Structure formats: structure tokens, C-alpha cells
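Sharing a structure with you now.
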Amino acid sequence: MGEFVGRITFRIRYSETDRMGGFYNSRALEWFEMGRNEYLREVGVSYADMEDRGYRLPVIEAHVEFKARATYDDLLAMETRASMVSRLRVRFENELTDAATGTLVAQGYTVHVVADPSGKPVRPPPWLTDALRKVAEGG
Amino acid sequence: MGEFVGRITFRIRYSETDRMGGFYNSRALEWFEMGRNEYLREVGVSYADMEDRGYRLPVIEAHVEFKARATYDDLLAMETRASMVSRLRVRFENELTDAATGTLVAQGYTVHVVADPSGKPVRPPPWLTDALRKVAEGG
Amino acid sequence: MGEFVGRITFRIRYSETDRMGGFYNSRALEWFEMGRNEYLREVGVSYADMEDRGYRLPVIEAHVEFKARATYDDLLAMETRASMVSRLRVRFENELTDAATGTLVAQGYTVHVVADPSGKPVRPPPWLTDALRKVAEGG
Amino acid sequence: MGEFVGRITFRIRYSETDRMGGFYNSRALEWFEMGRNEYLREVGVSYADMEDRGYRLPVIEAHVEFKARATYDDLLAMETRASMVSRLRVRFENELTDAATGTLVAQGYTVHVVADPSGKPVRPPPWLTDALRKVAEGG
């Protein structure tokens, strides 16, 4: 059993590097978004569908720790986990490793509220909380 | 007299470089957008206002020629010119130079249609074509 | 027979959209880079290896035509073709379509010189020109 | 007296928005970098100079809290403060407000080590620690 873990792999783009030679720090947050995106698709509540139904998941908090250098064309693997951290907030945890060596490259999390299209926080719809509860329980 | 020329200066951000050491090529198109933005504000038809009135200016063609290297923290100067290239199309020309040396860094253009919020092309409103005609004539 | 065509598919990221609702125009140039990258890997001269051997492929000209709207989570397909357009210049052609419908989304090209790590243009190494000639001839 | 505070103002670019209508979350980290950049210039240790002298300031931790929506063309003001949080680590605090209304838009921090060009952490040079100590004491 155990909670659901979303997994994606992707290569670092040249456009994502900076002149220090590795990836630019803010890119981690764009990759975290890719992780959330595929996580939600896999648990059956695709974020594109959520938006079509009138819901948004704006980020209210983001945190990243950078552990090892990675650069252009490196293949990265990301694991994503999600949970409801209160009745109104969803938290995603992300762990980014070098796919070839397993070295931890970065880890962090984002916290989200559920909002309507104007940005106003709303109660999360049952189909979202149910889906997240189910995967958290490994069901 | 002569046509109106919009001028801005800005520094290259670290996030805009890549591991080749200079700025990443697509950044030129983001800077061209900044040039259009300030150009339109200066001729009295701010793009934010245009959107509030229900108009968009999607890019339908973009062209850039890269002439010299420039990198992080360099101060760049950009000149922007605009004209109606048909009854339905607006063209912006951009010229990017090193502000310290005058060296040409990049030049190019973008072509735009006027569209409604759904992206459907519409006839440009008179207040836009009038403003562009006036500045083109150096009025 | 016929020339080699590189093919990749990818989803538009949320970070690649803008408030007009579709993808932001400069993203096309980042995607063209992904196309070049996989093209070169497939013809046996990976760009990461090229950099390790002391060669760069800076963009000296870029052109994009935007044909149809595409947005977040859409699956896009890109075809990439390459050729030597003079003894010193490489040209990549890119065609971007909606993978579900086949609709042309954008097309364009980039022209590159071969340069040393300081950015100085150099004669392309034989292993690069040979590889490109071979695939152009469908060998 | 009191510690030195770096201040910059800038407009949100169209390229920095996403289809939710406001700025995309990772942009905050790019703006934090602009804040650090001008902060260091003002206290006399420009980051471009630091790189020329062989030092880098890679981010090892980043944190952002998003407090209010802001969008394209909004004028933002950012305050930046810096301190040595150990003998080897520098911390920058950033506070981002709407320049027109004073509303807090986002706040956060980044933690950095001092590294050589290969990315290896090194002891911060005295001219950096002295400059930061001096401004922290309001000297």
C-alpha cells in the first residue's frame, strides 16, 4: 500500500541554464509545476479539467532547497506527493534527482489554495479532496 | 519632424543569460515586448488600457537578427518604431544597442493583428490607428 | 530515402502561457531549441558533446510565424530539419503542430554559426558537416 | 542609523504573466535576484565584479509567500536586506509591494554560499563580509 507518488523525467533545456553553468534557480518552481500537473492527471483530476470546471490552484507558498548542481541536457527525475494540509489547503512535495546517478538535486514544496477564476479562495470541491484523500491512503 | 521613436534602457538580468555566457536568444522577444509596451504608453494608447477596452495585439510574425554578444548586467538601449502595414496589421521595429558603446546587439520586428479577447482578429479601433498614424507623421 | 526529420512531442507548461490565454510568443524559440537538441542527438552529434569538444552554435537569426492558438496542457508535435546554408552556417527549420488535430501552430527557422567558447566564429568541424550532409541526402 | 535597505521599482512584463491572469509564481525568484543585484551594487560589491574576481553566490535555499495578486504593467516596489547568517552563508530578505497602493504582494528570502567558478563553496572574501557587516550596522 502507501501513498501515491507521481513520477516524471525530463531533460534540462539550454534555455533553463544561466551563465554560472547550471540551471537557473527559479526553474525549480517551473519543474515543480510540471510535477503537480502530471500528478493530478494520474490521480484523475487533471488541472486543465479543474480550470474548465472553474477552479484554480494558486501557489501561496513555495520553498526550494538546492542540493547539487545539474546542467543542460541532464536527465532529471522528479517525485511528487500531495496532501490536504487543512480543509482549504493542498500541499505538494517535490524531490528532484539526477536520473543517471540518483543524486538529490533539489527538494521543496508548494502550498495552494483552491480559488475561483477571479482568484477568490473557495472550499475545495469534493471530487478533489476525495481524490487526494484516496491516493494519500494508497487506496 | 519625423516619426516617433520609443526609447527604453534596461539591464540584462542573470536569469536572462545561458551557459554560453551571453543572453539566451528568446529573451530578445521579451525585450521587444517591453519596447512595444512603453512605445504604446508614450503615444497615449497603453496596452493595459487596450486590453481593458477588449482589444489584444497577438504576435503573428517575429524576426530577430543577433549582431553582437551582450551579457548579465550590461545596460542595453532599445529603440522602437511602429506603423500600420495594412488596414489590419501593426508592425513594430526594434533596435537593441549596448548603451555604453552604441554597438548594435540585435534588431528585428514583430507583426501583430488586433484581436478580441477570444483571439479573433477584428478591425483596429480608430483611436489606435489614429494614434499610430499621427506619430508616424511626426505630428 | 529523403532527408532526416527530427520529431518530438511535448506538452505546453502553465509557465509558458500568458494572460492572453495561449502560449507566450518567445516560447516558440525555446521549443525550437528543444527540436534542434533532439535532432542533433539523433543524427549522432549531440549538442552537449559539441560543447564538450569546444564548439558552440549561437543563433544569429531567428524567425517565427504564429498560425493558430495553443495553450496549457496541449500536446504539440514538432518537426525539425537541418542543412548547411553556406560553408559556415547551419539552418534549422521547425514546424509545430497540435498533435491531436494536426493544425499548424507555428513555423520558423534559426540560422547559426559555429563558434569557439569565446563566441568567435570558426570553421565547422568535419564530423558536424559530414553528419548534416549525410542526413540531408537521406543516407 | 539602521541597516541598509535596497529599493527598486519595476513593472510586471506581459511575458511574466500566466493564463490565471497574474504573474507566474517563479517570477518572484527572478525579481528577488534583481533586488540582490541592485543591493550589492549599492553597497559597493557589484555581483558582476564579484564574478570577475572569481566568486559566485549560488542559491542554496529559496522561500516565497504570495500575499496578493499583481498583474501585467503593475508597478512593483521591492525592498532587499542582507546579512551573514553564518561565517559561510549570506541571506537576502525580499519584500514586494504594489508601488501604487503599498499592498504586500510577496515576501521571502534566499540563502547563498560563496563559491568558486566550479561551484565549490569557499570562505567569503573579507571585502564582501566587511561590506555586509557595515551596512547591517547602518555604518
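First chain written, first letter: the chains are A, B, C and D, and each begins at residue 1.
Keep in mind that, in the parts below, a contact is a pair of C-beta atoms (placed from the backbone, for glycine too) under 8 Å apart; a residue touches a chain by one contact, two chains touch by 3 or more.
As the structure is a prediction and not an experimental result, all values here were calculated from the model.
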Query - Pair joined by more contacting C-beta pairs (C-D or A-D) - result: A-D
Query raised in the report: Since chain A and chain B are copies that touch, is their contact same (over half of the numbers shared) or different (under half)?
Result: same
Requested in this report: Compute the centre of every chain as the mean of its C-alpha atoms, then state which one is farthest from the centre of chain D.
Outcome: C
Query - Whole-Å gap between the CA centroids of chain A and chain C - result: 28
Query - Whole-Å gap between the CA centroids of chain C and chain D - result: 34
**Report entry** Rounded Å distance, chain A centre to chain D centre (Cα mean)
**Finding:** 24
Query - Shared interface positions of chain B, touching two or more other chains - result: 14-15, 20-22, 26, 30, 33, 72
Report summary line: Seen from chain D, its contact residues with chain B in the complex are 11, 13-15, 30, 33-34, 37, 46-48, 51, 72-73
Requested in this report: Quick one: which bits of chain C touch chain B in the complex? Just the residue numbers, please.
Outcome: 20-22, 25-30, 33, 56, 58-66, 69, 110, 119
**Report entry** Residues of chain A touching chain B in the complex
**Finding:** 14-15, 17-22, 24, 26, 71-72
